[in-house]
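Shared between the two complexes below is subunit A, which has subunit B as its partner in the first and subunit C in the second.
Showing the complex of A and B:
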C-alpha cells in the first residue's frame, strides 16, 4: 500500500481548488474592463493597469513599503545573524532562556504588538514615520531571522569547522571563512522571507500608519474599504508575480520546505 | 578560546532592541490598562481597576466574546476538515511534485491577506462568481448575501488559517506509522475501517494541536473580519482596533487586549492538555 489513494487524492484536489480560487479570480479580475467587481468580467482590458500607473498614493506606498522592507531585512540580518551564531555555537548560562525570549514575540498576535507599539510610539512621535514602521516590523522579522538562522547553523555539518580549527584557524576566522559561507543559502532564504514578511505586514502597519507615512497593505485596506473596483486586483497581480519570483528563486536555492523549518 | 568567551556578546544588540520595542511596550500596554478615562474622553493616569470593571461588566464585551468564540470555532472546524485531507495527501504522496504541491498548499501564507480578501469579494459578492453561477443555473433569482456578513468572514477566515494548520498537521503526522495501517489492511480491514480505527485515532494529537493553533489565529485575526465583514461583523479584534484608533480610548483598548490574551492563553493550555491526553 503506497501513495495517497484515489479517494484522498480527489479530496485533496477539491481543497486545492478552493485554496487557489481567490488567487485565480483576482488574476482574472485584473484584466477586467468593468467599473466594478463583476465576475466573470463582461470584457477584458488593460485599463486597470493604466489606472494603477497614475495612482500616486498607491505608487508612493509601494516605494515606502519597499524602502521599509529593505531596511528591515538589512537590520534584522545584521542583528539576528550574530545572535543566532551565539545561540548555536556559544555555551553560556541562560542560553535556553534567551532562545525562548527570542521566540516569544512570534507567539504574541500582531494585533496586540501593534497596539502596544501605538501606545509606546505616540508620545515619542514615532507613529507614521519611517523609523517607527521599521522598528515595528522588526518585532516580527528579528525573532523570525534568529529562529531560522539558529536552525540553519545547527544543521551545518560540524566536521568542516572542526577541520578548519584543527588546521590552526582562529575561532573568528572559522566563523567568517567556514560557517557563514556554508550558511549562505539559509541567509538568502532568510533575507527573502523577512523582506516578504515586512512588505506584507498589515496589522502592525495599520496601527502605526498615518497620513504622513502609509505602507502599501494599509493603502490597499483603505482602498478596498472605500470602493470596490478592479484596481486592487491589478496591483495584486503584480504583487503575486513578484512574490512568486522570490519564492521560486528561494526554492531553487534552498527549498522552501527547509526554509520554513520543516 | 577567545571566540568561546566573547561569542555570547553577539546576542546583546538583538536582545536590547527587543527589550526596547517589544518587552517595554508590552509592559506599557499592561500599565495603560490601569488608567482611567475621564468624562471628556481624555486618559487619566491612575492605578485603578475601574476601566477593567467597566469593560467586564459591559454586555457588549460578552457579545463580542461570544461572537469571537463562535466565529473562531466555525472557521477552525471548516479549516480542519479541509486541511486534514491535504496534509494526509502530502504526507503519503510519492509524487515527484510533492515539494511543489506543499508550496501551493501554503501559498495563501505567502500572498498578502488583503489580496485574498479581495479574491473572496469577487467570488462571494452580489455579482461575484458564486451568485453569477447560481443565477445562470436558475437556482436563484436574486443574489444571495454572502459577504459583508458572518458567512463571508467565516469562509475567508477558514481559508486564511488553513496553511498554518496544514503545517501543524504535517509536523504532527510524524507519529503516523504506515506499518500499522498495512497490518490492519492485511488483517482484512476495509480502507474506511482502517482510516476510522487506525489512521484517525493516531492523528488525533496532531488534530488537537492544529485546531488550537487555528483557533488562536482566528481569535486574533483583524483584516478578514474587518474587510469581509464590511462593518457589520463585530469581534474582539475589530473592537480593540476601533477603541485604539478611531475612539483613541487607550485604557479600554488595553483592557480588551489583555482580556483577549487571557482567553487565548486558556485556549492554548486547553488544546495542549487535550493533545497530551490523546497521545496516551
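Showing the complex of A and C:
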C-alpha cells in the first residue's frame, strides 16, 4: 500500500465501501428478528435460518441448482477441453471461423439466448427439465471454457511439447503427460468458474424454468416478488459463505498447481 | 551412402524461403555444425530433421531409410532445445526417464539408465529436484542427459550453449564434445557462435539465407573460405579494396600482389589480422611475402592479444600481435607483412 497517497487510499476506501455496503445490509438482515425487511433490524436472531430449513421449494431449488452446476461443469470441461485442444493444436480449414463461432454466444445478450432456447426447447419438451437447464447453461459455460482453455494451451511454451514428442511420446501421450498437467491451473479455474456461472445463471433459467424444475436464482426472484421477509437474506448469507469457500479453495488449488507446475 | 542424408530440403513460409535446397551428408559418429547468422534457416533445418517441421520438398534419409514424413515421436532423435524445454512438473529423474517410460522400458532398467545418464553429465544426487531448482548449467545438463538416455540415432543441439555464461559455456563445450566422442554419437549442432562450431565439430556447414554456402572441416572453413560471406562470418578479416592493373594483376595500397584476380569485376583482398606481422620500415621482405607500408595509428590491449591499427595509402588495417610483445608507438612507420598464401580474394559486393 506504500506509494498510494492519502487521496487515492480514501477513494479506494469509498469504492470498496460502496461495493460492500449492500452485502453488509444483507448480512444484517439475515440475522434479523423482525417479520419483514427493516433496516436496521429491531432485534437479532437466527429465526430466518430456521425458517429456511423448513422451506422445501427453496431447498429443492438449491439441490437442483447444485446438480445442474455439477453436470454443467463436468460436461463443459469434457467437451470444451478437447475442443480447445483441437482449436489450438489442430491445423484444419475454418479454424479461425470456428474460434469466432465459439466466441459468439459470449457476446450475445443472454436474454436473446434464453428466448431462442425457449422457442427451440418447447417442441422438444425440454423446458423445465434438468437436461434442458443443463444444455441452456452450457450455452454460457462451454464457449467460456473453450475460450479460456484455448488461451491457456496457446500460452504453454511450445518447445516443452515438442520435447516430449522427440522423446518418443505419441500425440495423445504428449497431451496426457505434458499439456494437461501444465494447464492444470487453467482447468481448475475453468471448472470453478463454470460451476459459479451455472449456479448463478438467472436470465436463461427464467426462460427455461417451470413448476417442475426451477433453479435457485429463479426461486429467489419468485420469493421476493411475493414476500417481504428476510428469508432470502439468510439464504444469501449462506451462498456468500459457500462462494467464498469455493474461491479460497480454487485459489489454494491453483496456487498449488502453479507451485508444482512452474 | 552416408548415415544421414539430406537432399534438396526446402521450407517456405508465406513470403519467404527459410530453407532452400539444403543437401548434407553426415557420417556415423560425425559431429557437424550448422553455422550462420540468425534467420539463416539453421534451426528450421534441425527441426525438419527432428520431425518438428514438415519440409515442403526434399528428403531425409537415416541409415538408408527414408524418414522425411515420419512423425517426430518415431524418429528416435535426441533434441536439446535452446530453452532446454524441461518438463517443469517432473523431477530431474523423471525428466530424464521420460523417453524410456514412453518406450516402455522396464522400470529397473529405466532407473539404471537414468542414473547412468545423470552420472555422465555429473548431476548424480539431484534426481529429486525440480527443473526450476537448478541453475542454467544444470538444466542444460538435464536436457542433454534426457536426449542421450534414449540412445538416439542422431543428437541434435539447438544453440544449446547460448544461454550460459562465458566460462560455463567453455566448460560445457569440452564436456559435450567429450561425451559425443566417447559415445560415438552422430551429432548436429546449430550455432551462430563460430568458436563453438570450430571447436566442437568435425565439419561445419556455413549457412546464409536458407542455403549452405560451404561445407568443410574447421580448417577448410577458416583457411580456405569458399565465399566472401564465409570469410567474413568465420573469424575476423581485414577487407582491403584492391585495384586491377591492365594485365589482370591486382594491387593493394599501391603494392602489386603475387596473385591474379579470379574473375572480372572489382575484387577485395581479405587478410586475417593474426596472419599479419609488423616489421621496421624498410626491412627487406622475404620470399613469397606481401609487404605494405603504413603508420601505426593506435594500439589496443585486448588481453590475450594486442590489436594494432595501421593506416596506409589505401585505408586502415588491423594487426593482432601476441600480448607481451611491445607494440610500436603511434606514429611509427612500419612494414606490414604477410605470406602471399594467406591472401584471400573475393569479388566486391554491391553495397
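By definition in this document, the second predicted complex is superposed on the first by the 250 of 262 C-alpha atoms of A that agree within 3 Å, B and C clash if a C-alpha of one lies under 4 Å from a C-alpha of the other, contacts with A are read in each partner's own complex, and residues count from 1 in each chain.
Here is the rule we go by: a residue touches a chain if its C-beta (ideal position, glycine included) is under 8 Å from a C-beta of that chain, and two chains touch if they have at least 3 such contacts.
This structure is a prediction, so every number in the text was calculated from the model and none was measured.
When the shared chain is aligned, subunit B and subunit C each come close enough to touch A:170.
In the superposition on chain A, contact of A:160 is made with subunit C only, not with subunit B. In the superposition on chain A, contact of A:91 is made with subunit B only, not with subunit C. Of the two partner chains placed around the shared chain by superposition, subunit B is the only one that A:79 touches, whereas subunit C remains out of contact.
Touch criterion met: A:182 reaches subunit C, while subunit B stays clear of it.
More residues of subunit A are in touch with B than with the other of subunit B and subunit C. In the superposed pair of complexes, A:112 makes contact with subunit B only, with no contact to subunit C.
Comparing the two complexes, residues 170-171, 174, 260, 262 of subunit A contact subunit B in one case and subunit C in the other. Partner subunit B is touched in their complex by these residues of subunit A: 1-5, 7-9, 11-12, 15-16, 18-26, 29, 36-40, 79-80, 82-83, 85-87, 89-92, 98, 101-102, 104-105, 108-113, 115-120, 135-136, 138-139, 142-143, 146, 170-172, 174-175, 196, 200, 202-203, 206-207, 217, 220-221, 224-225, 228, 232-233, 236, 239-240, 243, 247, 251, 255-257, 260, 262. By the touch criterion stated above, subunit C contacts subunit A in their complex at residues 50-52, 71-79, 81-83, 85-89, 98-99, 102-103, 132, 146-147, 150. Put simply, subunit B touches subunit A in their complex at residues 1-4, 7-11, 13-15, 17-18, 21-22, 24-26, 28-29, 32, 82-83, 85-86, 88-90, 92-95, 99, 101-108, 110-123, 125, 127-129, 132, 159, 162, 167, 170-171, 178, 181-182, 185, 191, 216, 219-220, 222-223, 226-227, 237, 240-241, 244-245, 250, 253-254, 257, 260-261, 264. Residues of subunit A that touch subunit C in their complex: 157, 159-160, 162-171, 173-174, 177-178, 181-182, 260-262.
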